[in-house]
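Chain nomenclature is as follows: A, B, C and D, assigned in order of appearance, with residue numbering initiated at 1 for each chain independently.
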Amino acid sequence: MKKLKIVTIGGGSGYTPELVEGFIKRYLEMPVTELWLVDVEEGKEKLALVEQLSRRILEKAGSSIQLFTTLNRQEALKDADFVLTQFRIGQMEARIQDENIPLKYETIGQETNGPGELFKAFRTIPVMLDLVKEMEAHCPEAWLINFANPAGMLSEAVLNHSKWTKIISICNGPLSIENDIARVLGVDRRRLYVEFAGLNHLIFAKKVCLDGKDVTEQVINSVADEGAFVDNPGSSDWQPDFLKGLKALPMSYLQYYWKTNEVLASEQYAASHGGSRAVVAQKMDQELFEVYRDQGLMAAPELLRKRGGAGYSEAACDLITSLYTDKRDIQTVNVRNNGAITNLASDVVVEVNCVITSQGPVPLTTGPLPPELNGIIQAMKSYEQVACEAAVTGDYNQALVAMTINPLVSSDSQGKAMLDELLEVHQAFLPQFNQSHIKKGD
Amino acid sequence: MKKLKIVTIGGGSGYTPELVEGFIKRYLEMPVTELWLVDVEEGKEKLALVEQLSRRILEKAGSSIQLFTTLNRQEALKDADFVLTQFRIGQMEARIQDENIPLKYETIGQETNGPGELFKAFRTIPVMLDLVKEMEAHCPEAWLINFANPAGMLSEAVLNHSKWTKIISICNGPLSIENDIARVLGVDRRRLYVEFAGLNHLIFAKKVCLDGKDVTEQVINSVADEGAFVDNPGSSDWQPDFLKGLKALPMSYLQYYWKTNEVLASEQYAASHGGSRAVVAQKMDQELFEVYRDQGLMAAPELLRKRGGAGYSEAACDLITSLYTDKRDIQTVNVRNNGAITNLASDVVVEVNCVITSQGPVPLTTGPLPPELNGIIQAMKSYEQVACEAAVTGDYNQALVAMTINPLVSSDSQGKAMLDELLEVHQAFLPQFNQSHIKKGD
Amino acid sequence: MKKLKIVTIGGGSGYTPELVEGFIKRYLEMPVTELWLVDVEEGKEKLALVEQLSRRILEKAGSSIQLFTTLNRQEALKDADFVLTQFRIGQMEARIQDENIPLKYETIGQETNGPGELFKAFRTIPVMLDLVKEMEAHCPEAWLINFANPAGMLSEAVLNHSKWTKIISICNGPLSIENDIARVLGVDRRRLYVEFAGLNHLIFAKKVCLDGKDVTEQVINSVADEGAFVDNPGSSDWQPDFLKGLKALPMSYLQYYWKTNEVLASEQYAASHGGSRAVVAQKMDQELFEVYRDQGLMAAPELLRKRGGAGYSEAACDLITSLYTDKRDIQTVNVRNNGAITNLASDVVVEVNCVITSQGPVPLTTGPLPPELNGIIQAMKSYEQVACEAAVTGDYNQALVAMTINPLVSSDSQGKAMLDELLEVHQAFLPQFNQSHIKKGD
Amino acid sequence: MKKLKIVTIGGGSGYTPELVEGFIKRYLEMPVTELWLVDVEEGKEKLALVEQLSRRILEKAGSSIQLFTTLNRQEALKDADFVLTQFRIGQMEARIQDENIPLKYETIGQETNGPGELFKAFRTIPVMLDLVKEMEAHCPEAWLINFANPAGMLSEAVLNHSKWTKIISICNGPLSIENDIARVLGVDRRRLYVEFAGLNHLIFAKKVCLDGKDVTEQVINSVADEGAFVDNPGSSDWQPDFLKGLKALPMSYLQYYWKTNEVLASEQYAASHGGSRAVVAQKMDQELFEVYRDQGLMAAPELLRKRGGAGYSEAACDLITSLYTDKRDIQTVNVRNNGAITNLASDVVVEVNCVITSQGPVPLTTGPLPPELNGIIQAMKSYEQVACEAAVTGDYNQALVAMTINPLVSSDSQGKAMLDELLEVHQAFLPQFNQSHIKKGD
C-alpha cells in the first residue's frame, strides 16, 4: 500500500481527536497510513492524553491508520506528505499577557488582533521559518497546512520571507459565515455560492447566490434587521444601516475595527468578571483534558464544539482530501493573491475562494475590492507586511511602526509603551529582538 | 493688451489682500488685467472691507490691475482665465459645530479630519459641482484653482463625479514641510529636492536631496531627535524611533491618526479653555477685519501670517504663474494619479510632485508607497471615495459607512450618533440628504 | 414541468444535429423543453433539412424536447434561457473573398486571422450588437453562448461596446489541445489538468499536470521531438528548439504568426490546386446537406466530425449544462479578464480556465504571461480593440490602423489596398462604413 | 578646483570631437576638469587621430579641460563622475554581417531592428555587464550615459540583470522628431511641449502643445498630408489615413514594422547598388577620419552632421549638464518605467519624458498607451526581455524564441536558419553561447 503520512505539529492540541475522526471518515477517499503527533517537552502530558484518546478512537473504528507520537520534529517530518501546524508559542500564559497588557492601555487585547496579534506573530514567525527549513530538508514535496494563528501573517511570512511555496493557511471563518447565511435563509448550505474576499480574520462575503440567483441584498437585509450572526466579539450586532451601506457581510472579527469601543468595553468587563477570553479558554482546555482522561471516552467530546476553533479540523481534512484527490472543489483559503483581488499586489497573501487541485489552490478572480471594504483590508495588509518584516529582522523601529499603524492602537507613544512592556514579558520567545533592542524600550 | 481675468470665489476672505499683493509682485511674468472678487450676500460686509484694502494696495503700487466685486457669480465667471475658490459653506458657525459635536463623542473634532471634514465635504461638494457646471457655460477654458477644504476631496468629487477636468487643489503643507526641512538642515530651500507623495493633508516627504545628495536619513534623524516640525496639532512631537522606522517625514496632520489620543486630549483641553480652533480662528478673523478697516493700511498686515493658511496665496500665485507661462517647474498639487503612485488606482486624486506646464500639471512617477505609508493612505482614499459618493447621492447608508470607516471614528454606533446629530444641525446646507434621510436618523 | 428554452441563431447550420444529440444525451441533468432553430431567408432550405433530420433524431430517441423553426428571431428569443449563435454573415461567398483577396497581396487569407478575420468581425459585430439589444427586450435573463467567429472579438465587442454582460464565447481549441496532450502522454484526458491562458485562437497550455504532477516539460519535449499536434494550418511542425524555448504549448493557429511564410505558401498552393479552405469547406457542406436529405439518416453523420468545428457542440452542451446545474467544473472560455492574466487590463476579453457556476464563469487566476507569450497576445488584443472600435464606429482611418497593426499585414500601403478592396466587395454587409468611407478607398 | 572627470568608452569614435566641443560650450555651467578617451587595441589608430583633433579644438578654445587617452579601461574609470559609452563590438565588419545575412532570408537587415539588432545585443550586453562591474569597483557614484545601440536593450539588461542602477540610455530620436514638428509648424522648438512615450527607437509623440495649446491633430494632419518627416528608412511616407487613425506621430523607425515590405525592398535595392547602410557608413567613416588627419582642422567638421547620429553628442552633453546642475528640465531618455506608462510593468525600461534632477531622471506619468500604439510596444518589449535573458544566459532555445517572436521574422524555421548563421559568423564575440550551442545550429 502506498504510504500517506500526515504529521501534526502541536499534536497535543485538544483538537487532534477531531482530526483523527476526520481522517477515519475520509479513509476511502484518502487512505492515511501514518499519523504523527509532534509536540514539545512542555506539552508532553497533554500529548499523552491526546494519544490515548486517539488510539481508542482509531481502535473503535477498526482503522488501519498507524499513530505515532514524538518530541523529535525532524524524525516526524521525514517523507511526510502533509504537515499540519496548530501550535501556540508560549502556551496560554503568553496569550494571557497578549490580552491583558493592551487592556492596561485602553486598547483591545486579543490574540488575533491588535498588539496581542502582533506579538503572537513575533513569537511564531521565526518558528515557522525554522520549520519550513526543516521541511526543505526532510519532506520537500509536502504541503504545509497551517491553522496556527495569526494564520494569514504566518503564510505572508513564509511566502515572502522564505523560499517555501507549499503553505496554505486555513480558518473556519468562511465556513461559519456560510453556515450563518444558510441558517438566515433557511436553506441547505450546499445550495449557496458565496464569493469571499479579504484577509484572514478580515474576510467579507461580497456576493451570495442561492441556486445560482444573486440574493446578496436579501441576505444583508435579513442579517441587518434580525442581527443574525453568531459569535460577535462585542455584545451587539452591526448597525443595520451600516451593513446595508457596506453591501457585503463582514466576518464578525471586523467588529474589532468597526465596533472598537463596544468590544473594548466588553473585554474590560470580562477581564474584571472572571477573566479575559484566554482565561476562559484555559479553563475550557483544562476541562477538556479532564474529560480526555476518561478511558471510556471513544470520540471527540461535545465540549470540543464549544471552543472557538470548531470546524478547523473539518476544514483541514477537507482541504487535504481535495489536494490529495485533485478534487477541484472551491474552498476559501490563504494563498498568494496572484491577481485575485486586483487592488492588492500579486505577491501578498489573501483569503479568497480557490479551486483546490493536487497542484495546490488556484485563486478565483474576484476583481477589485470596493472602497467600502478596500480601506481596512489595505490598512491591515500594510500593517501585516511591516509586522512580518519586523518579526524577521527584529528591528525595534519597524516593530514600533507596525504597532502604531495598527488601527487599534491610538498613538505612537501608547504604541511604544505597549511594545516595550510586551517585549519585556515575552523576551524568552523573541531571540530576534536582541537584548539591546529590548533594553532600548526601557 | 491681452485680457487676463482672474476670479476669486469667496473673495471676501481675509486672505485676498495677500493674493492681490501676489499678483502685483508677479506682474511682469503674468500681467493680470482683471481681478474679480465674488462673494455671497452674507459676506457682503467683509467683501467691502477687502475690496477697499485691495484698492489701496493696488493704488499704492501704481498697478493697472482692474478690481471688480460682485455677488453675481455667473457674471464674474464670464471668460475668466483662472477661477480661485476659497469659500466656506456655512461660515464659521458650521465649523464650530464640526469641531464641537464630535468632541461630545470622545472623537476628534476638526474641519479637515474625521466627522468634521466629512460634513465640510457634504456641504461643499454640491456647491463645487454647481460651480463647474457654470464654468462649463461661462469659461470652459479656465483653470479652477481650489484652496477651499477638504481640498483633496473636492478635487476627487469634481474629477470623478463631473465632466470638468481643469481643477487643481493646492495646500501650503508641502511648502511648509520643505521650509521646516530647510530650517533643520540650515540651508536655503532652493538647494533641496523633496519627493512628496500622499493625499491632501496626508502627505509624506519620502526622499530629501540636498544639492542632489540623498540626505533623507539625516533629516529624519534630526527631526526625530530634535522634534523640529512646527505646527503639530497635538502638544508633542513624534516618537523618535517611530519616525526612524517610518523612513519618511509625515505632514503634521498625520498626528490626527498616529497621535489620536494626544490630539484629542489637546482639543478637549482647548475646548474647555477658551474654545476650539474654530473659535480662536473666528476671533482672529474679527481682529483681522478690524485692522482692515484702518484706511491707512496699505498692505496685507502681519497678523495675516499668523493664521493657518499662511502660504496659500503664495502657492496659488506660483501655480497660476507657472500655468500661464508654461514654466515647467515642480510643484506639489492635487491631481489625478495617472500612475504616479503605483499602488493607487489611476483615476483617484493624489497630492504629488508635478511639472506645471501650460497644459496643466503632469505628475512625476514616485513608485509604490512602502507598506509603512500605504495603509493609512489607502484607508483614507477609500474613505474619501465613499464620502464623495455619499455627498453626491445623499445616500444615508453610504454616509454612515463613510463615517464609520474613517479611522478617527470608533464604531458604527458612535458613527451613527454623530452622523445624525451633524445631519440635523447642518440640514440647511445639505439639500442632497433629503428630509426623510435626516428623519431616519431620529 | 419547468420550461427550459434554448434558441440557436443560425439554426440551419450543419452542426445543429450534433447539438440536438447533445441535449438528448444530457436530458437527465438538463431537461430542455423547447429548442428553437432560427435562420434567415437565405438559409431557409438548409434550415428545413436540418429540421427534418433533427426531428428524426428526436423521434428515434423518444425525446420530449419540442422543436421549433422560424425566420422570426424576436419571436424565438422570447423568454429564452440560452441563446446560441453560430451564424455566418455573408455565407460562404463572403468567406471565399476573405480568403482570396489577401492572397493577391501575398498575405495570409483566413477567416479567423489577418484581413479575413478583420472583415468577418466588421460584418458580424453589428449583428451581434443588434442581437443583444433584442435579448435585453425579450430575454434579459438569458445567457448568450457564442460560437460564431471571430469568437473572442465578438465577446470583446459585446462586453465593451454594449450593456449586455451575459455572453460567453467558446472554442473547441482548448479541448482539442487537451486531447492531443492526452494522446501524447497515452493517458485518459481526465487525469490531466491543463492551465490555459491567452486569447481565442491564440491560446497556450502554460502548465500540464498529470495526476497532480507537473509534466509540462515532458509534454513539450515529446511534442517538440515527435511533432504530435494535429490540425496545423501549415504543412510542418514547430521547430523543436523553439517549442522548448517557449516553455508552453501554443495552439496550432499560432502558426499563422510564427510560421507565416510556411502557412502562406501552403495556402497559395491550395488556392492554385482546388481552392482555398473556404472552397473545400463549401464542398464539404454541400456533401453534408446531401447526406442530410437521406430520410433514413437518424443521427449526426460521421462526415460532420471531419469539419473544423468538431467538438463545438460538445463544448456548448457542456457549458450550458454547467451553467444550468451550477456544476462548478473548470472549462476554458472567453470572458472578461478581471485579473486572471495580470499583464492584461481587467476589462478585456481573454480565454482562460474558469469555474462554471450558475452565476456564470469565474476566471481562475493565472498570473502574468511570461514575455515569450506576452508579446503576441498583447499585440493581438490591441489589434482586436482597435478593430472592434472601427467595427462599431465605421471609422475608415481606424479600420486602416487595425488592418496595418495586424501582425500578418506587411505595411500601411498594402493594408490600405486590401482594406479598400474588401470594403468594396463586402459593402452590402457593412452599413456602418458608409458610402463616403468606401468611396474614400477609391 | 573640484575635479569633474568624464570618461568615454569608445573614445576613438568619430563623434568624440563633437563631445569635446559640447563640453567647452557648457564649461560655465559644468566645468569639466578631465576628459578620458578609452578605446581598444583595434581602435588605437582612430583614437590617436581623434585625440589630436580634440587637442587642437581644446587649444584653440583656450580650454583648461585636460585630455587623456588610454587602452586601460579600469585606470580610466577610477573616480569618474560620468562614463559615456559609444562603442561598437565587432566594429563595422560585424554590422555588415548583421545587415547582409538577414537579407539573404528576405528579412530586414538593420543594426537596431530585427535579427541584426538581436546579435548586436548578444555581442554588446556581456560587455556592458562587465563594464558596470568595473564601475562598481572604481567609480560607484558615477552615472553611466549610454549611447551605444541597441540603447534601450542595454539599459534593460543592466537594470534587470545587474545591480547597477545609474544608467541612462539616450537617443537623438525624440529631439529630431521635435525639430521636425517645429519645422512643420514653422515655429521655434522651445515653444513646443511634446509628450513622448514608447521604447528606444520605437517612440511616439502622443501629444504636441504649442504655447500650451494642444495642436496634436493639426500636426498629424500636416505631417500626413505633406509627408514632412525626414530620415525615413523606406522611400516613402506614411499613408495619411493611417497616421490620422493612429492619432500619434511615430518615430521613423516604426517603418521597419509598419512598412516592412517597402523598407525591405529599399534595403535590397541598396544592397545591390553600392551596398547596405553599413557599407555607406563605413565609407563615410573613412572619409571622416581622412579629414581628421588634416592638422589644420580645428573643429568637428560639417561632414559629421551628415551621419545618422547627429545630435547624439548634443543630447549627451545636455543630459550630463542637467544631472550635474540639478537643472530639472525635461528630457526624453531611457529609464525604468516606474508607472510612467501604466500598461507596462514597473521595472522595464521605457523611453519617456523625465525631469532631470541631480538624483537622476524622474519619469513623468503618461498614462496607458492607447491600443493603437500598445500592441507593437508590448510585442517589442517582450521580445527585448527574452533577448536580454538569452544574451545573459547564452541559452540557444531562448535565443531562437527571441528571434522568432521578433515581428520582422517570418517563422521559427527561418528564424533558426538566421540564428545559426549569425551565431557562426559572430562566434568570436559570443562567449556566452558556448561551442556546443553554436554546434547545435549546424
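Heads up, the rule we're going with is that contacts are C-beta pairs under 8 Å (C-beta built on N, C-alpha and C of every residue); 3 or more make two chains touch, one makes a residue touch a chain.
Values in this document were obtained by computation on a predicted structure and should not be read as measured data.
Pairs A-B and B-D differ in how many C-beta pairs touch across them, and the larger number is found at A-B.
The most distant chain from chain B, with centres taken as the mean of CA atoms, is C. Chain B and chain D have centres, each the mean of its CA atoms, that are 45 Å apart.
Chain contacts here close into one cycle, and each chain has exactly two touching partners. Pairs of chains meeting the touch criterion: A-B, A-C, B-D, C-D.
Of all residues in chain A, only 236, 238-239, 241-242, 244-246, 258-262, 343, 345, 371-372, 374-376, 378-383, 385-386, 389, 395-401, 404-405, 407, 410-416, 440 touch chain B in the complex they form.
Contact residues on chain D toward chain B in their complex (touch as defined above): 193, 207, 209, 211-214, 326, 328-330, 338-342, 346, 353, 355, 357-359, 362-368.
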